[in-house]
Amino acid sequence: MVMKKFLNDPNDLTPELLEGYCLAYPDKVKLVNDKIVMRANPKDESKVAVVTLGGAGHEPALSGYVGDGLLDASVVGDIFAAPPGPKVLEALKLLNRDAGILLIILNHQGDVLNGNMALDLAEREGIKVKSILTHEDIAPGTAAPIEDRRGLGGCIPLAKIAGAAADAGKSLDEVLEIAERFNNQMATLAVTMKTATAPQSGEYISSLPDDMMEIGMGQHGEGGGTGPQKIMTADETAETMVKKLAAAIDVKSGDQAMLIVNGSGATTLMEMFIVFRKAYKVLEEMGVKVAISRCEEMLTVQEAAGFQMFLGKVDDELLGYLQAPSNAPYWVTQ
Amino acid sequence: MSNSLTKSDFAAKISAAKKKIEENLEELNKLDAATGDGDHGTSIKRVIEAADTAAQGDASFKDMLTNVGMAVMSVGVGSAGPLIGSFFMGMGDAVDSEELDAAQVAAMFHAGVAGLQKYSKAQIGDKTMMDAILPAVEAMDGKVDIPVLFSAAAEAAASGAEATRQMTAKFGRARNLGERTKGHMDAGARSFSLIFAAFAEA
Amino acid sequence: MVMKKFLNDPNDLTPELLEGYCLAYPDKVKLVNDKIVMRANPKDESKVAVVTLGGAGHEPALSGYVGDGLLDASVVGDIFAAPPGPKVLEALKLLNRDAGILLIILNHQGDVLNGNMALDLAEREGIKVKSILTHEDIAPGTAAPIEDRRGLGGCIPLAKIAGAAADAGKSLDEVLEIAERFNNQMATLAVTMKTATAPQSGEYISSLPDDMMEIGMGQHGEGGGTGPQKIMTADETAETMVKKLAAAIDVKSGDQAMLIVNGSGATTLMEMFIVFRKAYKVLEEMGVKVAISRCEEMLTVQEAAGFQMFLGKVDDELLGYLQAPSNAPYWVTQ
Amino acid sequence: MSNSLTKSDFAAKISAAKKKIEENLEELNKLDAATGDGDHGTSIKRVIEAADTAAQGDASFKDMLTNVGMAVMSVGVGSAGPLIGSFFMGMGDAVDSEELDAAQVAAMFHAGVAGLQKYSKAQIGDKTMMDAILPAVEAMDGKVDIPVLFSAAAEAAASGAEATRQMTAKFGRARNLGERTKGHMDAGARSFSLIFAAFAEA
């Protein structure tokens, strides 16, 4: 079957999308060495740089979050594939500075292997770099071993916090400490209604019967969830998910939180607002204050229908970083 | 084939592996689709093509292996790059001459496994490429005849891959599917059974 | 068939989505009289107010563009249906001021009928209001009667310009003159690959064979295009569309333009970047400078696959308004 | 039924129309789906329900019509609200007593058309509700017997709606489909043929 996508040669997907992206926002981002998206206006070398890596195909993540107050660079792999360790090393070399670099790695084996290889290589070259591993997926339960807890969209608010702290002049250890604090009190859960097509092959990634949805699917359509279940209403879905998230990070009455409904691709913003509404109300009943929120497509899975719901506990310092000015193409704060 | 392995012998084996992988591309993608994201055929094809290209230059046997390792690592295909790249890099650590006897070939592959194990904690039974690689390399031990060494490795890799059907995946994307992976052969193990088969035939 | 959407009672769609939206961005927008989205921080009454109206189901349009530097209010109808004239009148009454109000009406019969009725009623009440009709669809050709030229996503950059001019203190006549200038030099063309489902009924809106796309479909899946055609590559699609747009507004070498690729719903940002890339290059070859651009979902059609390509000629004044600070939830400029 | 029309007679007719529209909801949505966006059944149902509710109060006949008009306009269903709302509002302009004879009923409907035409430029042949409404109201002219008047209107509306099958849409969403609308009955015309049929039966 012909794919219902606007594409040229499938082999050119990643270079073309990166070129288009940087042409669309040339005052904010530029493409370096083919696969490294960097700020168009690099910040002062006296400040810690924040870098991440990950496969393409999840737009706007991750490169959409490169910009003032957020990431300094994103190292991009092919569709759904981690970039090679040597490419990550190139970015670390470009940003090498006495203040140091924080490398954000999402817990997916390819990202971890290539990220760790880059860290090994960087160490040999005397580059000052520390890493943080996001693994906030709660689908396998919070007691599950770290290997089972994938890094989902939570890397984005975490990058916002790290980026803002770095831009504010915090040291590498401080940035890491602040980001780790958030890392330990954030959680994401995904739900899928329709799986997507892999844009290179045109093959469906996994599948779901017509009247089924699945909570807990990974962001490449791989499983990990509770298995297919009958489609629930928006309110039931939101309530089920937000309660699991709240339990996972143990938010309680009086706490402040960040709530994100992050669309997977085909799910409309209309639906996301309806889901957000219920999740907000459940938290409100629990006495949890939603202090900051976003409802949009942040980390997508091609044209999959579904969303990731994110909940993170915040204190005034974390909230300050989340609200700080930023000028990445897909996260602008005045 | 004589009873020693030179750089060009090994380069020829890599070329043969490339051909075999290309012939089985679809099957490998399908196997990965059942338990992962359906790209393993395409990935391993790019890996082995990069290896084949890097094996051509006129470096020493040792440097050729390091070059192959770096080239494979730079391919950018998710997990396969660093895993297989460190396998070849590791092999390079054990090679210091231009002509290896059977024991040295076995040592080279054991060093490859050591390199690979720096990055992978997967054991026999975890339903990964390790289920083909580890038995294949074990089977090389004690062999004196190089063709016999490679035939034994190919046979062990094939039955190792076959055995993954009964296993539950413990690593990679497939891990998320848990019990649901049973009944499917692991794509990476199948790749290495093809690669070792090509090594034996070339 | 069960709809693959997260919904509750289909009758509550619009109130629920509006409530969710305003809960997600409470520092920016608030819901008044059930269906009117207004700025959370109203601007000074000495300045002209800018208001628009339209059906829901196109999120983030139109209410996503209410905020500082952009719209003062959006009057929302049910899914795909214009709000009633009396409801539009309510918004005009709430914003009544000596400086006057500009009402932006998209050229769709329901919007025009209800907008005109509101204008009639407002006139009787002595409210100072003028209106502007957007009709930048070029699918029927630029020579077609105005009734045939629908108002598509171009209303959003136009609202940005009007909002910025109003916030800058321009008079009603000046705001209208500036907005009309842009109105006369902007053009949009839509392309559809997959049609959407109407969220109340679950029915497909129109349909397209598996290997077909259609250029010129309206934003409710109604026709108006050149009929189904074989799917083209991203580059062919982009080139065909941008050339038609450039011809329609007669941009020439040395001109500056705004280029937008506005996703319809299921089409990925990845594809939009690839399309943007080619459109940018075609303009570049013509000597046209893309001075400002956006690549995102602005005015969607549920989970339809496709996009609207927008091209507008800009001068330094218009560009200044497009780049001016704004703080609407879905268009933030520092 | 006596040979005069009171407010409550007309309210009863509106109730009958509501019932008939509800019975034919699906058909109307389907007709609109063929040439528009598939919501006309739902829209006209909401319009006629709003009219029915607004017709119940104890206002004068004239005020009842104005109330119905405003209620319909406020329904918020795209074009149908303002169009049909101004039809009822217009009727109110011509009514000044509580009991109308046949000529006054015809005059009331003509005033409705005048109200509607303030907002719609559609003519006979443009494939809209006008193709049912205009002939129906024409057919009322010269009638002295009220039941006869309504039967004539119903018949004219029905054949007017039938005739829209051959037409090309010139208004509303259907306009964008142009020639492709041929062969489908217009949804709005069908609604008014149902409404006038109910008026005749009640």
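Labels for the chains are A, B, C and D, by order of writing; each one numbers its residues from 1.
Quick note on the criterion: a residue touches a chain if its C-beta (ideal position, glycine included) is under 8 Å from a C-beta of that chain, and two chains touch if they have at least 3 such contacts.
From a predicted model like this one, the values you see are computed outputs, not experimental measurements.
Participant: If you average the Cα atoms per chain, which one ends up farthest from chain C?
Facilitator: B
Participant: Where the CA atoms of chain A average out and where those of chain D average out, how many Å apart are those spots?
Facilitator: Taking the average C-alpha coordinate of chain A and of chain D, the gap between them is 55 Å.
Participant: Could you please state the distance in Å, as a whole number, between where the Cα atoms of chain B are centred and where those of chain D are centred?
Facilitator: One centre to the other, that is 77 Å.
Participant: Can you check how far apart chain C and chain D are, centre to centre, with Cα atoms defining each centre and the answer in Å?
Facilitator: 33
Participant: Take the average of all CA coordinates in chain A, do the same for chain C, and state the distance between these two points in whole angstrom.
Facilitator: 29
Participant: Would you please write down the residue numbers of chain C that are in contact with two or more other chains?
Facilitator: none
Participant: Counting only residues that touch at least 2 other chains, which ones in chain D make the list?
Facilitator: As it turns out, chain D has no residue touching two or more other chains.
Participant: What graph shape do the protein chains here make by touch: line, ring, star, complete or other?
Facilitator: line
Participant: Would you please name all pairs of chains that touch?
Facilitator: Pairwise, the chains that meet the contact rule are A-B, A-C, C-D.
Participant: Would you tell me which residues of chain A are touching chain B in their complex?
Facilitator: Contact set of chain A toward chain B: 35, 55, 77-78, 80-87, 108-110, 113-114, 116-117, 147-148, 150, 198, 200-201, 203, 205, 218, 220-224.
Participant: Over in the complex, which chain A residues touch chain C? Could you list them?
Facilitator: 1-2, 4-8, 13, 16-21, 23-25, 56-57, 59-60, 64, 193-194, 199, 210-211, 213, 231, 233-235, 237-238, 261, 265-278, 280, 290, 293-297, 300, 302-303, 305, 307, 325, 327, 330, 332-334
Participant: Using the touch definition up top, name the residues of chain B that touch chain A in the complex.
Facilitator: Of all residues in chain B, those touching chain A are 29, 33, 36-39, 42-43, 70, 73-79, 81-83, 86, 119, 171-178, 180.
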